[in-house]
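In the two complexes below, chain A is the common chain; its partner is chain B in one and chain C in the other.
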Partner chain A sequence: MSPVTFRSVRDLPPMSRSTDTMLWNRTGSWRFLRPRYQDKVAPCAEGCPAAEDIARIQILLGQGDFEAAWLRIREENPLPGVCGRVCYHPCETACNRGEYDDPVTVNSLERFLADHAWKLGLSPPPPEPAAGGGRVAVVGAGPAGLTAAYFLLRLGHEVDLFDAREEPGGLLRYGIPEYRLPLDALAWEVGLILNEGVRFHGNRRLGSDLTWDELSGYDAVFLAVGTWKPAPLGAEGEEHAQDGLTLLEAIRQGETPEVSGKVAVIGGGNTAMDVARSLLRLGAEPAVYYRRRLQDMPALPEEIQEAREEGIPFQTLLAPKRIEPLPQGGFRLVLTTMEILDEDEGGRPRAVPSGHPDVEVEVDAVVTAIGAGPSQGAPAEVTGEGLVAEGLHLKRIAPEGEWAARPPVLVGGDLVNDRKAVVTAIASGKEAALVIDTRLRGRDATSIWPSIRVGRKGGVSMNRYLSGDRAAQQDHVVRYDELNTIYFRFQERRERPRITLEERRTGFDEVKMRISASLALKESERCFHCGQCDQCDNCYLFCPDVSVLRDLRAGTREINYDYCKGCGVCVVECPRNAMILEEEPR
Partner chain B sequence: MPIELPVHERMYSGHLACPGCGAAIAMRFLLKGLGEKAVLSIPACCWSIIGGPFPYTALQVPVLHTAFETGGAVASGIRAALDARGDTETQVVTWAGDGGTFDIGLQSLSGAAERNENILYVCYDNEAYMNTGVQSSGATPTGAWTTTTPTGSPKPTRKKDIMQIMAAHRIPYAATASIAYPEDMVRKVQKAVSLKGTKFLHVYAPCPTGWKVPSEISVKLARLAVQTRIFPLYEVEEGVRYTINLEPVGYLVDEYYRTQGRFKHLTREDLDRIQAQVDESWDRLKALARIG
Partner chain C sequence: MRRVLEGSHAVSHAVELARVKVISAYPITPQTHIVERLAELVADGVLDARFIRVESEHSAMAAVIGAASAGARSFTASSSHGLALMHEMLHWAAGARLPVVMAEVNRAMGPGWNIWADQTDSLSQRDTGWIQLYCEDVQEVLDTILIAYKLAERVSLPAMVVLDAFFLSHTYEPVEVPEQDEVDAFLPAWEPTEILDPADPHAFNQLASPEYYMEFRYKIQQAMEDALRAHDEIDAEFGRRFGRSYGAVHRIPCREGERAPLALVTTGSVTGTARVAQAALRQKGIGVDVVKLKLFRPFPHEEIRRVLGPYDRVIVLDRNISFGSGGIFASEIRAALALRGEQPAVYPFVAGLGGRDITPQTIESVVARALGDEPPSDILWEGLKL
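Let's turn to the complex of A and B:
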C-alpha cells in the first residue's frame, strides 16, 4: 500500500476523485500510549484457597462448554462436586458483584458443573506420564490426602494412599451427613482420583496398622489424618456426653444410633449443626446450646439458617457446667449463663460467666460437637512445637531427632489449618504435592512460590506451576471501582432450590437440589468476569480507528498496532478491566 | 450484556482523525446502520479532513465533499439525480458538523426540510468549529472555552436547540443519538432510512482535542452527557410525538463538567446556573413527551 502517484498532468482525473484507500497511512506511528489485552486476577480467585480460576470457569460455562469449565476447575481442585456442596465459598464473599447487587452463586455453579460431568459420565483426560518422579506415601484419605494424591500422580509420582477406615473420603465419607453430601456423588468424584492410578490402602491406621518404618521407605510422606479425637468439654460429668463426630460416623456407616427424645447438642460449629440436623432426621428433638451468641457461631450462616428453618431451637450464651444422671433415666444439664465482653479471644469475642443464675434442663442425651484434637495415631509433633512452616496451608515436621533419618513429612488439612474446612484441606493437599514435587526434582520451592500464588492473599495455582495460561495473568486483583459497570444490569441472584421442609425433617435426602442448565447459564450471566476477556467486543466496537482485529472463529482479539493511535477508548470501555494502557516502548 | 451491532465494516483504518475522535466512532456506527447502497454528502467539517485527501478515501461508500453551507442542498440534488435515473434504493445522507448545521448550513437544511426532501441529515456535534481550531459555534454550550470565547469571557448564551428547530419543520423523524449508546444509534439510523421524507439525527460526538480531555474518555463523556441529562436520548415523529429512549439516572452536571479542560474556569455559581438550565430543559422535554 504505497501512495498513488501521478506522473504528469495527463494522469490526473478530470475531477478530484478518490482512487485508493487511506490504508497507506500507518497511523500507529502517532501512538505514545499502547493498549494491550491483559488478563488479571478476579477477587473470587484470590479468595478461593484452592485458587480456582473462577472468572474463566464462568466464561466457559456461559459459552455452554460445561466440560471445559469442569476440567478448568479440576486443574486446581479435584473435588468440585464436594466443594459445590459443602464449601464455605469465600469466593462469594470476595465477589465484586456483591458491591453491585448480590454475589454470583459460584458455589452452586461449581456443583452444577460437577453434576453435569457426573450425569454424563465424563472423565478427565488421563495424566500425561512424567519421568523422574518418586514414591510418595499419603496418610489420610480425606480431602487433603485425596487432593495431594491426585496432583502427585499428575506430576509423575507413584502414590500410596493410606487411611484408617475402610473407604476413602475421610471426613467427607464419615463425618458430613448424607443430606449435605450424598455418598454416590462423593464416590464418583473419589473414584475419578483413584482410577488414575492412586493405590488406596484402607484399614491402615497410623501407629497400629501402618508404621513409620514402612513409611520411611518412601521418598516423601504427606500426613493429613485429620482431627477426630473429641475435645474435652470441661464440665462435671462429661463422661455422660456422647461425641458428635462419632455419632455422625455411625450414621454414615449405616447404623441407626439409639438416640431419641430431647437431645442437647453442645457447640456452634458445622459439626454441631450436622449433629442436630441428623438427630432431627432420626426422630429426636435436638436443641443447640452455645456459649456465645448466634452471630459468633463458626458454622456457616446457611447451615445455621437451615437448621433453624427445620425448627431446631438455639439456646445461646449458655455453657455446660454439669451433667447429672437422673434416677428415672436421662440427664439434668446445668448450664452457666454467659455474657460477651468486648475483647477478642482467638478471633471470636470473649465469653465469661455473667453472674446470672444457672439454667437447668432435663434431657435424654447430651452430644458434644465442640471441636476436636489430632486423630489417634498422629505423632505428638503435629501439635505445634515440632512443626516448621512450609506453605500457606502446609507445615513440615522439623527434621530433628528420630525425624532426621526419615523422609520429609509434610503435614496438612485440619491438623494444621486455622480455618478447618474442606477447601483449606484441598489447598493443603495441593501445596503438599507442589512442595514434594519441587523437592524430588531438586527445585527450590521458596523461589517458585511467589510466582504461583494467585493475588497477594490467594492460594497457589497448579496451572501456573505447570506454566499454563494463568502464568501470563497479571497478578493484580481487580477491584470493583476498576470495572466499567455501565455495561452490567441488575439481575437477581438465583439461589438453588431446596427440597420441602417436610422432606428435610424426615429424611436424609440432599437438601439443596441440583440446578438446571438454563438456570446455571442465567446465573453465570451475572458474573462480571473481572479481569478476563470474554469477547464482549466493546474494544472492537468503540475503536475510532478500526484497529481491533477479530478472529470470530478462534474467538481471539488482537490490536492492529499499524493503525492504533493509542487513544485508549478500548481500555476505558472494557467492562471488566481486561486491558491496560501503557507507555509506548521506544 | 454484549452490544449487538451489524458486523459489516465500511470504514478503513489510516484516516486522519485525532486519537479518540468521537466523530470517527460516530461514522462507524452510521455505516453499520446504513444499508449497502448509500452516498454521503460531507460539507466542510472535521470529516472533510478525516476522510483523507485526494486521491484517497477512508470510506467504502461514495462521498461528495461539498461547500460549508450546502449540506441540505447537495443532498437534495443527489436525491433528485438518483430519482431521475430511477434509483430510489440508494440512501442519500448528509454528514455535517455542528458548525455546518447549527450555523452556516442552517438555511439549506431548513429549505430541504421544508420541502421534505427524502434524505437523512446527520449532524455529528462536537460543540465547536474543531477542524479550524476550536471556534465557538451555535452548538457550543454555556460557559465553554473556545478560542473565540476565551476563559475571561466564555460563551455566555445557551446551546441552540437544533432539535426544536427541526421538529418545528414537522419532518417525519428527528432523533438524538450518542456514541456511548451504539445500539440505540444504529437502531435510529435504520429507522430513519426506513422512512420517506427528511430525517434528522443529532449525534453527540466528543472531541478530546477541543474539549481538553484525555482521549480515552471520549465515549465515557458522551455517556455522562446522557446520564446527566445534558444530552437526553429521544425521538420526535412528525414534529410532535416525543419519545424519550432512556430515562437517565440524573447525575449532577458537575460529573460531566469537572472532567473537561474547556470548563475548568467555571465557578460553583456557574455550575448551579447550568444545572438549573439542564433541569429546566429536561422538565420541558418530559412535558413534551407526555403531550405526545
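Let's turn to the complex of A and C:
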C-alpha cells in the first residue's frame, strides 16, 4: 500500500475525500501511551470472605445466563442458596454503588441464582478429574466442613466427612431457624456436595464415636466442629436459664419445646434474634435483654429490624445479675443497669454498671444466647495457645507432643473465626482445602497465598488457585472515584419482598420471598461491574481510529495496535475501569 | 397565490416550497420567526422534514453540514451573534462543497447590544466561501430562497440569503406565493454527486496536505466564478417561469434611456427607500440613477465595471463598516473599478448603522453632498451626531 498521488486539479475530487484506504499509514507508530484491557477487582469481591467474583457473576446474570452465573459462584462457594439467605453480605457494604445511590442487593441476587438452579433441578457438571490423591478427614459437617469436603474432592482427594449429628449441615441444619433457611433448600444444596462423592458419616462425635487413632490414618484432618457449648452467663442462679442453641436445635429437630408465656432472651447476637423470633412463632412472648445498646448488637441490622417489626421488645443496657425461682412458678430476673464507656472492648464499646438501681422483671423462662464455646469433643488445643496461624480463616494445631505424630490438623469455622458467620466458615473450608492440597503436593501454602487473594484484603480464590497464570492476576481494587459514573443513572435498590407480618408472627414460613427473574435482571442492571469488561462497547464507539476490534461471538475486545494512536479516550470513557493506559515500552 | 406575509414567514414558505429535508437552527432575534414557523410546519406534518434541535448556532450549522453530506436538502437561519458563532462551520460548509442555504437576517453586532438592521454581521462572513444574496423586499426574499437552492446545488457551494432586520423580517407585504408544482419544475430534487454512503465508504474532508490544499481552494474559486454565470441563468429562468427576476446588479435609471451624472449604489431594503428618493429628486430636477447590488459573493466585478464605469460620480451607501477602512461595499466597488484607468469619483457613505433609519431625506442629503464641493474621501459619514 502507498499514498495515492494526484497530478492535477482535474484529478482531484471537489473536496478532500479519500479515494483509497489509509491502511498503509500505521498510525500505531505514533503512540507513546498504550491502552490495554485489564480486568480489576471489584470491591464486592474483595469484601466477600468467600472471594466470589461478584461483578463477573452479575455480568452473567445480566446476560440472562443464570446457570453460568450460579456455577461461577460455585467456583468459590458451594453454598450460594444458604449464603443468599443468611449471609451478612459484606459485599454490599463494600459496593461502590453505595456511594452513588444504594448498594446492589447482591445477597438477594445470589439467592435468586441458587433458587433458579434448584427450581429447574440443575446440577453442576461433574468435577474434572484432578491429581490429588490424598485421603482427608473432615470433622464437622457445617458450612466449613461441607466447603472443605467440596473443594478437596474437586482437587482430587478422597474425603470422609464426619459429624456428631445424624444429618450434615451443622448450624445450618440444627441452629438457624426454618423461617430464615428452609430445610428443603438446605438439603438440596448439601445434596449437591455429597452427590459428588463425599462420604458422609453421621452420628460420629469426635472423642466418643470418632477417635484420633482413626483420624491418624488420614493424610490430613480438617476440624470444624463449631461452638455449640453454652457459655456461662455469669449470673447467680444461671442454672435456671435454658440454652438458646439447644432450644433452636430442638425446634429444628421437629420438637415443640415447652416454652410459653413471658420469656427473657439474653443476648444481642444473631442467635438471640433467632431464639426470640422462634419463640414468638411458638406463641410465647419473648423480650430481648442486652447489656449494651441497640447499635452495639452483633446481630445483623436486618435481623434486629425484622425482630422489632414482629413486635419483640428490646431492653438495652441491662445485664443479668440473678435469676430467682418464684414460689408460684416462673422467675424473677434481676438486671444490673449498665452504661457505655468510650473504651473499646473486643471491638465493641465497654459496658460497665451505671450505679443506677437494678431492674427486676418476672418471667416464665430465661433463655441465654450470649455466645458459646468449642463443641463437645473438640481437643483442648483449639481454645488457645495450641494453635498456629495457617490462613486468613484457618489455624492448625501446633505439631507438638502427641500432635507431632498425627497428620496435620487444620482448624476452621467458628472454632477460630473472629467473625463467626456462615461465609467466614465457608472461607475456612476453602482455605483448608487449599492448604491441604498444597501440602499434599509437597508445596508451601504460604508462598502462593498472596497470588490467590482477591485484592489486598480479600479472601482467597479457588479460581485463581486453579488457573495457572497467577502473575496475570492483579490486586487493584476499583474505587468509586475511578469509575466514569456519567454512564450510570440513578435507580432505586429493589429489596426482596417479604411475607406479611401476620404470617411471620404465627409460622415458620420463610420470611424473605423469592424474587422473579425480571426483578433480578432489573436489580442486576444496577451493578457497575467495577473493573470488569461487560462489553458495553464504549471503547468501540469512542475510538477515533477504529482500533477496537470486537469478536462478538467470543465476547472479547482487542486493541489494534497497528493503528491505535494511544489517545486514551477508550480508557477514559470506560465506565467501569476495565482498561488501563500504560507508557509504551521503548 | 397572493398572500400578505411577514418577511420571516416568506422565508419559511419558500423553504417549504423547496421541499427541504433537514432544518436545524437556534433562535435569535430577529430570525426566530423563520424557524418558529418551520418548526410548526414540521410538527404539523405539513413539511416532511427533520427539525433538529440544537444548543447553539455552531451545532445548527454542523447539523445541516451533516445532513447535506448525506444528500439532504438542508436549511438554517441565523443573525448577528448567532452567525458569528457559526463562523468556523461556515468555512466548513463551503470547503466541503455543501449547498446549504441559510436565511441571514442582517442585525448589528454588539456591544452595545443592538438587535436592529446592520450589514456588518453578514459582511464579516465575506471570506467563508458562501454565496451572498441581498434582498430588497419580501417578495424578493421568497424568490431568492428558491433561486439560492438552485444556484447552490448547481455549483456545490452554500448560499446565504440576506434580509434586513425588521424592515424585511418583521414587515408584512403582499407576496405572490408560487404554486408547488411550479416550484418543483424550477427546483427539482437535489442530486448530489459526493455523498456519504455506507455502501461506498470514504473519509470526507480529511487532511489536505500543502501538495493539494491550494488546488482545492482553486476549485472553490472556480465554483464561485461559475456561480456568477449560473446566477444570471437561474435568475433569468426564474423570470421566465414566475415573471420576476432581479439581476446580480440592477440599474434603475432616473429616466428611461438616459444616464444621470450620478449613480447611487444600494443594497437591501434601502433600495426601496432610494426609489422613493429618486422620484422626489427628479421632481426637484436632480437626476440620480439607483444601482441595486444583489449578489455580493461571488462579486460581479465585470458587471460593476460595465454599469458604474461610465458615471462621473458614484455614491455607495453602506449600512456597515470595516473598522479602519470604511464601508465594505464601497471598498469592493472601488477595487473593481480600479482595474480600468478612467474611473468615476466614488463617495463612500456610511449611514444607518445599528438600525438608524435611512430615510429619503438621508438619501437626498448624500446626493447633495456628492454633487457639491465635498471632495471624495476614503470614508464619509452621514447622519452622524458630531
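Assume the second predicted complex is superposed on the first by the 560 of 586 C-alpha atoms of A that agree within 3 Å, B and C clash if a C-alpha of one lies under 4 Å from a C-alpha of the other, contacts with A are read in each partner's own complex, and residues count from 1 in each chain.
Quick note on the criterion: contacts are C-beta pairs under 8 Å (C-beta built on N, C-alpha and C of every residue); 3 or more make two chains touch, one makes a residue touch a chain.
Only a predicted model underlies this, so the values are computations on that prediction, with no experimental measurement involved.
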item: First, second, both or neither for A:536, with chain B first and chain C second; value: first
item: In the superposition, chain B vs chain C on chain A residues touched; value: B
item: Which of chain B and chain C A:9 touches, first, second, both or neither; value: second
item: Touched partner set for A:18, first chain B, second chain C, both or neither; value: both
item: Intersection of the chain A residues that touch chain B with those that touch chain C; value: 13, 16-19, 22
item: Residues on chain A engaged by chain B in the complex (per definition of touch); value: 4, 13, 16-27, 30-31, 486-489, 536-538, 541-547, 560, 562-563, 565-569, 571-573, 581
item: Touching residues on chain C, where the partner in the complex is chain A; value: 95-97, 156, 193-194, 202-208, 212, 215-216, 218-219
item: Complex contact set, residues of chain B against chain A; value: 1-3, 5, 9, 11-22, 24-25, 28, 51-52, 54-58, 63, 179, 182, 208, 214-220, 223
item: In the complex with chain C, residue positions of chain A that touch it; value: 6, 8-9, 12-19, 22
